[in-house]
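As written, the chain order gives the labels A, B, C and D, with residue 1 at the start of each chain.
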Amino acid sequence: MITNLFHPLLALIFAPLMRGIINKTKAFFAGRLGPPLLQPYYDLKKLLKKGCVYSKTTGFVFVLAPVAGVALCVLCLLFLPCGNLPALISFQGDLIFIVYLLGIMRFLTVLAAMDTGSAFEGMGASREVAFSALAEPTMLFGLAALARKAESFSLTPMMHRITAEVWLTDAPTLAMVIAGLLLVFLAENSRIPVDDPATHLELTMIHEVMILDHSGVDLGFIEYASALKMWILGSLIIGLAVPIRSGIIWADIFSVLVGLIALAILVGVIESIMARFRMRLVPQLLIGACIFSIIGFLVQ
Amino acid sequence: MLDLLIIMVVLTNLRLLATSRIESLISWAGIQGMVLGIFALLSRWKHLEPDIFVVGLAAFSFKGIVIPAMLFRLVVAVRSKREADPYVGFIASNLIGLLAFVGALWLGHRLPIPGNDMSNLVLPATLFSIFSGLFLIISRKNAISQVIGFLTMENGTFVLGVGTLYYAPFLVEIGALLDILVAVLVWSVLIRYMNRAFHGITTEQLTKLKG
Amino acid sequence: MTNESLFGFIIAVPALSGLLGRFAANQTRALGFALSGVFLAALFCLRAIYLVFNENQIFAYSDWIFLDHLSAWHLVVLILVFCQSTLFAIVYFGEEMREKKFSLAQARTFAGLWGPAFSAMALVLISNNLGIMWVGMEATTLLTSFLICIPLSRDSLEATWKYMLICSVGIGFAFLGTMLLRLAAKDLPLDLNQALLWTNLMANTRFLSVPLVKAAFIFALVGYGTKAGLAPMHSWLPDAHSKSPSPVSAIFSGFMLNAALYCIMRFIPITEEATLHSGWALRFLVGFGLFSVVLSAAFVLFQQDIKRFLAYCSVEHLGITVLGMGLGGFGTFAALFHVLNHSLAKSLAFFSAGRLGLAFGSHNIEKMKGSFKISPVWGTGIFAAILVLIGVVPFSLFISEFQVLKAAIDNHQIAVVIIFLTATGIIFAGSLRYALPLGIGEPASGIETVPVKKLDAFIVALPLLILLILGLWMPKTLQVTLSRAAAIVQTAKPIIPHFGPTGGK
Amino acid sequence: MTFLLVATVLIFLAWLLRLLKPEDAGIFSVGSMVLSFSAGLVGAVQCVLTLTGSCEAFFRMPWEMPFATFVLRIDSLSAFFLLPIFGIGAIAAVFGSEYMHSPHEKSNLSVSWSAYYLLWLSMILVVLAADGLLFMLAWEMTVVSSFFLVISGDGNRKMHAGWVYLLASHLGAGFLLVMFILLGRETGSFEFASLSKAADFSNDFRSLIFLLAVIGFGTKAGFMPLHVWLPEAHPAAPSHVSALMSGVMIKTGIYGLIRIIFSLGMPVWWWGWFLLLIGLLSGIIAIVFALAQHNLKRLLAYSSVENVGIMTAGLGIGLLAVNSGNHLVALLGFSGCLMHVLNHAVFKSLLFLGAGSVLVQTETIEIDNLGGLFKKMPWTAVSFMIGCVSICAFPPFNGFISEFMIFMAAFNAVSIADSLVAPGILVILGLSLIGGLAAACFAKAFSIVFLGNPRSYHAVDAKESGKAMRYSLAFLAISCLILSVFAPVFLSMPFAVVRSYAPLTSIDLSGFAAETARVVGIVSLCSLALLILTAISVLFRQFRLRNREIGSEATWGCGYDQPSVSMQYTGASFAQPLTELFDGVLGIKHESSGGDQYFPAKASYESHINDLFEKMLFIPAFRFISDSLHKIVWIQSGVVQLSILMIALTLFLLMIVGLF
């Protein structure tokens, strides 16, 4: 029981680090020194110390979204296995639950953005719902492929069954599913090529523009929640991509941690070498991701 | 003798198809009516019962005298002398009539009236009269021509009624004759109204109600 | 009271009222004569109907006059429709009188012909002699023709002319059919005066000559069918219905068509018996029924005049009735039930259309928008009547249409079912499109509202109430009566339609 | 049956009170409200008793009607559908008693209430009737009474709405009549008790019955492309009636379908596929259309089509599973479908009532005219938001439970059963797509109506609605939560229904049922946990914010500090990325003017959307029929000679046919 709590605790502690690693990687590619690795933590600390400024237009929903976001992500963490280490809560269908928890988080963020009455935030919200409507089938399809492979649709047994041997026999399926999930990962976490978190032009943003009006503690909640979200989606991918099921707690945890760091570096590399897609190309990208998942399902 | 009368009915029918003058139409229809009356009387001459006598007499007077007289008065009142341009010309009408008679003869042989001891011509004459009447109604535009057409049709049925041994009961025949009389009465009133409303009695104007 | 005098009164009383009405001193009195004549006769009719229900058949005048369940059932419909129409005539002409549009001459014409028309239709129903039946039918044509052109105009004259000519030709065929039947019955060992009696013919069908019976049936079907408005012989019907005053349209659609159909119903069993129940005659009925429904479906879609629309609706419903007859078996039962339902609904529809027509000054459906606001009573009347006519529950017309459908399906007549449902569906769509603006639209400005009167409300409520009750509850007595009547048409033992456990167990 | 009788009497009494003094908003109205509500409660008790004890009850009454018997029967299936009828009927009556008195409603109150109670009663009769003809009468009565409610309003489209509605229902009923008569012919009786004989008939006959049922009941339920009446009728009716129609009445279609399918025995292989595809296509196309709507109630109506699609998909996969002998999937599919019936009844009526509350206060239902109502109508807004979250199937509300069960059926099919992989994967794909689009759709609906600033004068002066409306909204919103948190308790109800399905009665489903209940129980607990976690993080936030400065400023406008309300995003623009993506289906017509010069003085933009099937299928079909029928109008040429020629020709033809 206690061991089952390790992974969630790990996530709570290390989640913001992923963003630090990405930024560091990008800085490395740009030849800069970049912000410190722990900069996300400093940011959080600073934000949590501040007061808040609210738009006169906003109301209850605007306040609710950040706090609920954190709660949702924390709940998601409880369903995540770690290598062969079972999740705290595991039941048939928990992966559907995770997808829908992330869904409501997005829904609330969108509502909060719309609450400000700002055209820019409306724009971001509009894009967010459109892209996520396409990302959701991809994700569920990919998970369905895995469920078929593992003959279970609960994450813990699924991860338990997808071992290195499965990689030997069913590499194409897993690779395709991972490719699909990776694109979903990028889209859901607002990374290049779907969104550019570093942009400074509101018209071109998706996620960032939606949280323009949040400040202080609320912004801290949002930043933390998005870090957790990145961890959640990332650990799904790593669970597949790093099939180490040793059964030794530390080894499993270590493998996941290393995998996530590698993923963060990979994202940093992608962001460094690619440009953001034009908005109208994003749906095509997501449909492409869906096609990856479908192929992954079909080839097994 | 009876066959001769039936032939006369057929000939009057052909004459009706050929004439364009309203007055001659009425006269020939009247003549046909008289022929039918005589036919009714003669057909039972040997054992003439009072009711058949009355029917024959009524037919003779109604169909032969009263109705033509009413129609002549009507013609005078509405000043309509001629069937101006019928849908089917008079010569063509006659030819069609002849053809129809051939058809009626054929049909009459196909459908013989069982046990009829009077004349083989009764059914063909009936059918031909009905055809002529219908043809008059369909091909003519003058309202009075159409009335004559109806009378001809009814005459056809009368031929069948009295031309066989198995006629309808007295009351029915008299009732039918009375109905025809009243019908012509109604028509003549209607035609007078029409003449007033439409300044003429051609049915070409009666095409407003459609669809 | 003897049967002779009873039937004598049924014919004589309205005829006499007509005579009195012809010479009435003023309009009110003329209408009064018509009213009293019809209602008095209706009382006698009720007595006769009561006798039939007790004694099954009653005869009079050496069997020339008789009443059985089939004719008694039609007599019920007749008095219902006629009494309602007479009441409505008072409302309608009363309103015209108020607008000074109803002259004494017109009132005399109306009163002079209204009662006799009743007599003629009653004569059709009560005569056992097929020839007298024909005489009665022809008399209805003659008597009602001038009722059409009570408001004398070019249009009404045209309608009257067409009505007279087409119906006379049709009736002429029917006479020939009757004569042919007489010929077919030559071998009957009967007295001359008894030979055309329907009861005798029915009792001796095996002596009839089959080809002649068939020919007679065809002539009668086309002839009486013309009068009944079966397509394609229906063409007089929309003209006459749309141009005549509404009470007259109501009895045309509400009963005269049924009277003609009743005549066909008398020919069906003879033919079927003579052809040994081979369904020879029924095929034609199915054909005419379906054709009428389909054709009216086509025309219903393109009407501007509400009464014309209702007339096509009548073609449809007569078609359904004939279809039910043609399906035989339970269909006959359904058809007879349908006769009542249609008559009640259709006469109500014509009443409302007529009264609203006076209020709006037009019978154009486009111009009659928003009748609820102009007259709640008559607006309800027309709206409800159209809904009833297209078969909306909980009214009994739905039940009878359901029963016809059931008869068709039980007979495995797939094509009939498909055509029937498609055509009635089209009619439903078309009719509803008229009904909605008619009921709930916004009326054009400047139209006076009609005050609510008790008599108006009664005229509207009574048929609706009957239709509603019969739609939810069909009393056993009614079922028995209808099945006896249906058995007469089918020459079969009456079957009370019940399968499955009956209620109450 | 006693409870039912009492409930019926109560409903009649409530109706009577309305009739006595229709205009009264005082004691009579309150009395009627209380009576309706208690009728709902009493009726619901009967349903629960039947479902838990699965005790069936019969009621026979003498009824003089050929071929028909007055038999009522309450079994698990009818009790299950009766539950929302009683519940929502009662709540809608409460809501309506205030709604109908608002100045917005101009219909005749006594007519309107009569139609309402008639609709309610006839729906009760529909699910209780155990005789074909009685069923059809009740069925048609629901149509007629709601038809009067649809046309009683004041909308400019009520005429078209009424026409489409009654016509569609009539055509659907035609198929049902044929179906019942066919069944009656073959089984020998219209009584439902004899329907079970149908299980032994040939596959062809049963398939015919199935098809007739799908078309007939599908018209009511709103299967694409038979759904066209829904988006017309629902906006036209008064809102509490829309709630009843959308939340409950269309479910009677599902009820009928299930009733017939359940009596047809072992399904033929393609039935499940048919329903599955209909369901998914309905769902996807309808939600795309919902997304593009400008009228809130129209949007909700399309979303009803979508949800019916989800139910049908669940039913379809259940049937396929029965065919292939996979009883876990069958149980999940069926009970998912049934739970969704219940859940959708609650949240869809909640949404319609919320829309009604908005309509009463703002006198408009055009989404783009609203905005900023959250602060003005907090009760309505919060309830509506709960409804939105539920309908998007997000935890912790009830929508998620039923969709989760259908998902479970699909994932089970994919992961365990080889024969069901294809349907499973289709359901997963369809449901996830529907889920994403639904989220977009309701994000739009909620945020444009309730968030931001008022977009027009309509929304500026809005106030919160009165008590009756508020409390009924709150009641339904709380029900959404209860149905989720206590879901395992409610699950025994659909299980009882599924057990009554003939091919499954002989199979022991208790293991599967227990497992499903366990999983759903965990989900419910997690939903509860989510609420607690949120509460904790709210507390944490409060803790951080104590003694801190809370500022208030204008919304950030990228430096522009004079933002006006017209600068806000509209519903149309919010949905634009997705509507553009699905333009092939939607066919939106754009009209814009101005705005293309360098210094545009005035610009306008409008977009219109017509229903795909109405535009591509029904209007052309009707035009074709009308055009082809118009070709024979020449027959009535008005020339009397021609008429007589026709008679003569008919006679001639008949002679030839008849005599030779």
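A few remarks follow.
To be clear about the criterion, contacts are C-beta pairs under 8 Å (C-beta built on N, C-alpha and C of every residue); 3 or more make two chains touch, one makes a residue touch a chain.
Keep in mind it's a predicted model, so treat the numbers as computed, not measured.
Common neighbours of chain A and chain D, by the contact definition above: there are none.
With centres computed from Cα atoms alone, the innermost chain of the structure is D. Between B-D and B-C, more C-beta contact pairs join the chains of B-C.
Chain centres were defined as the mean of their Cα atoms; on that basis the chain farthest from chain C turns out to be A. Between chain B and chain D, the centres computed from C-alpha atoms are 70 Å apart.
In this assembly, the C-alpha centroid of chain A lies 100 Å from the C-alpha centroid of chain B. Chain centres here are Cα means. That of chain A falls 78 Å from that of chain C.
If you average the Cα atoms of chain B and of chain C, the two centres end up 31 Å apart. Residues of chain D in contact with at least two other chains: 633, 636, 640, 644, 659.
Residue positions of chain B touching 2 or more other chains: 111, 134, 137, 203, 206, 208-209, 211. The touch graph of these protein chains has some other shape, matching none of line, ring, star or complete.
Chain pairs recorded as touching, per the definition above, are A-D, B-C, B-D, C-D.
By the touch criterion stated above, chain D contacts chain B in their complex at residues 633, 636-642, 644-645, 648, 659. Of all residues in chain D, those touching chain C in their complex are 60-67, 69-70, 133, 136-137, 140-141, 143-144, 151, 158-159, 162-163, 166-167, 170-171, 174, 177-178, 181-182, 184-185, 188-191, 194, 622, 625-626, 629-630, 632-633, 635-636, 640, 643-644, 646-647, 650-651, 654-655, 658-659.
Touching chain D in their complex are the following residues of chain B: 87, 111, 134, 137-141, 203, 206-211.
By the touch criterion given at the top, residues 48, 50-61, 63, 66-68, 70-72, 74-75, 89, 91-93, 96-97, 99-101, 103-104, 106-107, 110-111, 114-123, 125-127, 129-137, 139-141, 144, 147-148, 150-153, 202, 212-213, 216-218, 221, 279, 283, 297 of chain A touch chain D in their complex. Residues 161-162, 165-166, 169-170, 173, 211, 214-215, 217-219, 221-222, 226, 232-233, 235-236, 238, 280, 284, 295, 297-299, 301-302, 333, 387, 390-394, 398-399, 402-403, 405-406, 409-410, 417, 421, 424-426, 428-429, 432-433, 436-437, 439-441, 472-476, 479, 497-505 of chain C are the ones touching chain D in the complex.
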